[in-house]
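Encoded as structure tokens, here's the structure I'll be asking about.
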Amino acid sequence: MTHTVAILGASGYTGAELVRLIATHPGLEIGALSGNSKAGMAMAEVFPHLAHLDLPKLTTIEDVDLTGIDLAFCALPHGTTQEVIAGLPRDLKIVDLSADFRLRDAAAYETWYGKPHAQPELQAEAVYGLTEFYRDDIAKGRLIAGTGCNAATGQFALRPLIAAGVIDLDDIILDLKVGASGAGRSAKENLLTAEMTENVTAYSVGGKHRHLGEFDQEFSAIAGRPVEIMFTPHLIPASRGIYATAYVKGEAGAVHDALTTAYKDEPFLHVLPMGKCPGMKDVRGSNFCHLGVVADRRTGRTIVTAALDNLCKGSSGQAIQNANLMLGLPETEGLMLAPVFP
Amino acid sequence: MTHTVAILGASGYTGAELVRLIATHPGLEIGALSGNSKAGMAMAEVFPHLAHLDLPKLTTIEDVDLTGIDLAFCALPHGTTQEVIAGLPRDLKIVDLSADFRLRDAAAYETWYGKPHAQPELQAEAVYGLTEFYRDDIAKGRLIAGTGCNAATGQFALRPLIAAGVIDLDDIILDLKVGASGAGRSAKENLLTAEMTENVTAYSVGGKHRHLGEFDQEFSAIAGRPVEIMFTPHLIPASRGIYATAYVKGEAGAVHDALTTAYKDEPFLHVLPMGKCPGMKDVRGSNFCHLGVVADRRTGRTIVTAALDNLCKGSSGQAIQNANLMLGLPETEGLMLAPVFP
Amino acid sequence: MTHTVAILGASGYTGAELVRLIATHPGLEIGALSGNSKAGMAMAEVFPHLAHLDLPKLTTIEDVDLTGIDLAFCALPHGTTQEVIAGLPRDLKIVDLSADFRLRDAAAYETWYGKPHAQPELQAEAVYGLTEFYRDDIAKGRLIAGTGCNAATGQFALRPLIAAGVIDLDDIILDLKVGASGAGRSAKENLLTAEMTENVTAYSVGGKHRHLGEFDQEFSAIAGRPVEIMFTPHLIPASRGIYATAYVKGEAGAVHDALTTAYKDEPFLHVLPMGKCPGMKDVRGSNFCHLGVVADRRTGRTIVTAALDNLCKGSSGQAIQNANLMLGLPETEGLMLAPVFP
Amino acid sequence: MTHTVAILGASGYTGAELVRLIATHPGLEIGALSGNSKAGMAMAEVFPHLAHLDLPKLTTIEDVDLTGIDLAFCALPHGTTQEVIAGLPRDLKIVDLSADFRLRDAAAYETWYGKPHAQPELQAEAVYGLTEFYRDDIAKGRLIAGTGCNAATGQFALRPLIAAGVIDLDDIILDLKVGASGAGRSAKENLLTAEMTENVTAYSVGGKHRHLGEFDQEFSAIAGRPVEIMFTPHLIPASRGIYATAYVKGEAGAVHDALTTAYKDEPFLHVLPMGKCPGMKDVRGSNFCHLGVVADRRTGRTIVTAALDNLCKGSSGQAIQNANLMLGLPETEGLMLAPVFP
């Protein structure tokens, strides 16, 4: 049986990635697409790579017809999403890809986003969308808050270590290398090709990045005490992909065991043999995340690396994984596309 | 019903691309993989992006067990392929991705490849593998000769124009921009990242590129008289993709009509509206080819552009398209993966 | 003796490139910098790579103090430049990098730029700034119109062939591959890293690109009859550089002779031995242009390739070369920086 | 007065970079070039970007004529350098760019390079070439051991902090992002464009990288006790450049003070205002190193970033800086070339 979905905010990169994945998903079909700035246009005009698909035209969010829609993906900008979702029918399942419902705590939301949450009841209802760790809640949920793409990468690397108690909670450092598409299809000077080729820049350094709100929330919940990591993302000359390098204090063997045990039945999380590191390109275009563990020369210090595709496993692939659960479909349906390498 | 295939020469890029595509192909499964230089290794060691798949180990070509194999993809180096295929069972269907059987004429082969063909009977038997133009022969064929990736791109842009008689046959210029993977996974100095970033170089300039043998053969056959184009490939800083710019003498309207008429029912060949040009990235990772036609300011001159992914539509995707026909499967099966953009 | 110069419009890429070159130029020093959108800022804030230099602050164009300035480089947007230059002192030497004064003919200007020229007297006074071909006029000139970067590349490849009468004037095709910086430091969607990696797109196809106005003007003047070439630029994933591939009808030997004869004493124009093609990266960051000639397999057809750095030899390096002549300095002064490879 | 230099091993990237820099150096000229694998060739054949220079032909190392040579740069492979330098005249000044003389301690050398040093007397004589910290010894030295490029980057970020006693010596983490040219002009599969675009990979993880030998030697000497940092380099899709992100325990104010104080008179080391981070491209093609300090949200934790060009400030620029000192030239002579951005 096929379920009909809508994509609200389909004119951005995560919207296009949803369409790409649904195109070969046997259980989903697209019933409506919105994109305010491109309303009236065909998707093929906005994203010519989707020209082979028979898709509805883009409408404004106001004009979306949700009749017959089972589930809506919201790929709208942060902030405005709260209002839009508040206005959607209560019987519509929603997977949100924005940052609006990732933080459960009202004060934390205000701290990281600079204003009070406008929909505290929805905030309370929302389920954090890191599928591998919230599977049951997601399956039963109505409103799922897709995680930040950096937040997903770091959590895949670190959650099992915190849960297993094998690392020092006060000395966790996470260094990220991220491609440009994470910043969306927005024309900003620092994202220009002329600026980015042969360049690397650290940004949101020193604890300013909003995905830290997610790390704090999740890691502290697992540990049962406050955990604050150091986290530095770097923009690198690539369009897709996140590569995380985590520096932890703990025995490498115990770290590797914690990851392999936690992920032994996970279809998308692949832990490499001890001593190996993944390549960012090895997961490009896919819903897989590869992880590696290497012991440092100094006893008790370990490096954990993780690679995923920010638009797929970090956003839209995760969203479909969650939608599969919510709709009673096999979790991996439509998501087993092999990475595109080279 | 699932057909079992072998990939001979699976340790190169086209071999890996075959595995990628077969991974989500409902009608094919992989029964054997060979790769002499990597014999004994798991595919995941050679190509970590395929780690999620349950694949046979790589063997030498001598040790391949072809029991139960319906069709073999040969992704072996040029030259040695002839011998290997001569030694394969006569009841095995073969899709060859090398250059060994692309030219039907013995003299032409010797001209372009510098030595006589060692298997003239196989050469006579082989069907040229440009699916859209040799469909019936391919469906009935036993040995299919996959085309050159540059040759495929140029032919998609030009064949209908020659067939329709709408361009001057003596003034066809084809300028190609190609990514590095077309040269294979071979460690050559000019393919190094340090050499290629921010670089463009023309190569095999002036009529030296072997794919000209295919252009000559095919265009002359269509025209019923000798046709020799000018053809200049350029290496650009990208890993995948071919972008062709053809300069022809003919009315743009007639050119556009010829392409749209020829390809109106083709699932993978997409002609853009008059005046539009494709982007190379719009077909990345897919079996699609996008084509565009623009009239020059000078009456009677037209620019035709075409973009495809050299490893997919230009090689391994084409190979599977042909295999589908040979095995009685729907031609598009397993090949409708949407392009990966951005 | 040191000459003091001003750079009007120093907050763009060509402005920054002027500063880079002047930084090690023994005969020039910077007396004033303007940049309206960044007025009040230090150059190091706008371009951190210039942080080691002691530079005047950016001012608005109105606030520039031209006292003691010998020569002004105008790196302002097209269109507004006319007004600005009209308001500058008559005894100030000016090298303009905009498109405003490249076309000598009022009607041609209106055709290509869509409106009448506002300063026809200045237009009449301006000298076309392709140094190697207008040396004497430039040395005596007051207002020099820097050429388009694409226009410079194509002219270096083709002017001597037209002048020597060795090619068919009605069949000249020019295919360009250009890096992103040619479009300036403007935040446009199609210039984003996420869009451009692994991408190639043709643009301004079919005779729409404004640099054709320059080609028409110059080639027709040399030939003494109208010459209209076909010209297609392509955006490639690089930040700097232009690579031209010209297809001409003429004997390769005569073509190579024409280029080597014309350029035998030119310090910046380097013709490779017959049969060789340049690499775009071989001139990166420098004022050199490398050219190559290859005979096609068909008699009477020749491929000419040319590579230069759009921001240097194509714009700011050319501007300084012209300024050197205007100020009585050695033409190569400050411009012999070797290319940065790899 | 001009000094004549030889470059032994001129056919690699650091050799070419030496030639590039010497090309506009007023006090140096090139008297001899060796390159065994390219002996007999012109430099322009090996590196076409140097075609405008009048250079001696490449010879074998045996055939180099050192008559009249004041100083030799050795850019030879590790290991063989020891023999070559042992055979050079004792009155020849030498700047070595290999790893052979970086470690002062015989045991340390054997640990990191896997065999005993063959020339212990030369090892004892060699001066570590990190100019800013060994100026006097270098000026008086005969044999200077150029530092590793990663080692230089990390030391610029960390030496003043260790010297000033403002950070915890047992918790220093150094995460590096490096371009491909650091691996030299060697055709290796992992350095291919097809492999590296859109890719990031950590390598020599866990304390295996040989530059750790330098960090250990230098940091321990400064501290007066053993210091062992964690160090992870990552290969990123760029040709030049190193970007270091160091995580230290110490107050950001004290860290920033230590760097600004140490480097206040340094012409090539530029410390950004507190809270700012450099961009890797801001130093491309130059001898500058930009450094930044940002306080973490957690008191007592600080992030230090540093960017330099591995081939210039990290290798050949440093070598010339040292040669300037050894020859009595101004230290910055020929090295003030502004970075090439964009």
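For reference, chains read A, B, C and D in written order, and residue numbers begin at 1 within each chain.
Assume contacts are C-beta pairs under 8 Å (C-beta built on N, C-alpha and C of every residue); 3 or more make two chains touch, one makes a residue touch a chain.
It should be emphasised that the depicted structure is a prediction, and the values quoted were computed from it without experimental measurement.
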Notebook entry, point to check: When you check each chain against chain A and chain D, which touch both of them?
Noted result: B, C
Margin query: Looking at chain pairs B-D and B-C, which one is connected by more C-beta pairs in contact?
Written below: B-C
Item checked: CA centroid of chain A to CA centroid of chain B, Å -> 35
Check: Hey, how far is the Cα centre of chain B from the one of chain D, in Å?
Finding: 45
Note to self: Centroid from C-alpha atoms only, then distance chain B to chain C, rounded to Å. What do you get?
What the structure shows: 39
Next item on the list: Could you tell me which residues belong to chain A and also touch two or more other chains?
Entry: 13, 179, 181, 185, 194-195, 197-198, 237-240, 278-279, 281, 284, 342
Next item on the list: Could you pull out which chain C residues touch chain A in their complex?
Entry: 13, 179-181, 183, 185, 187-189, 191-198, 237-240
Checklist line | Partner chain C, residues of chain B touching it in the complex | finding: 171, 173, 175, 177, 179, 194-195, 197-203, 205-208, 212, 228, 230, 232, 234, 236-241, 243, 245, 247, 275, 277-281, 284, 292, 294-298, 301, 303, 305, 307, 342
Next item on the list: Over in the complex, which chain C residues touch chain D? Could you list them?
Entry: 13, 16, 19-21, 23-24, 47-53, 181, 185, 197-198, 239-240, 267-268, 270, 272, 278-279, 281-286, 288, 290, 311, 336-342
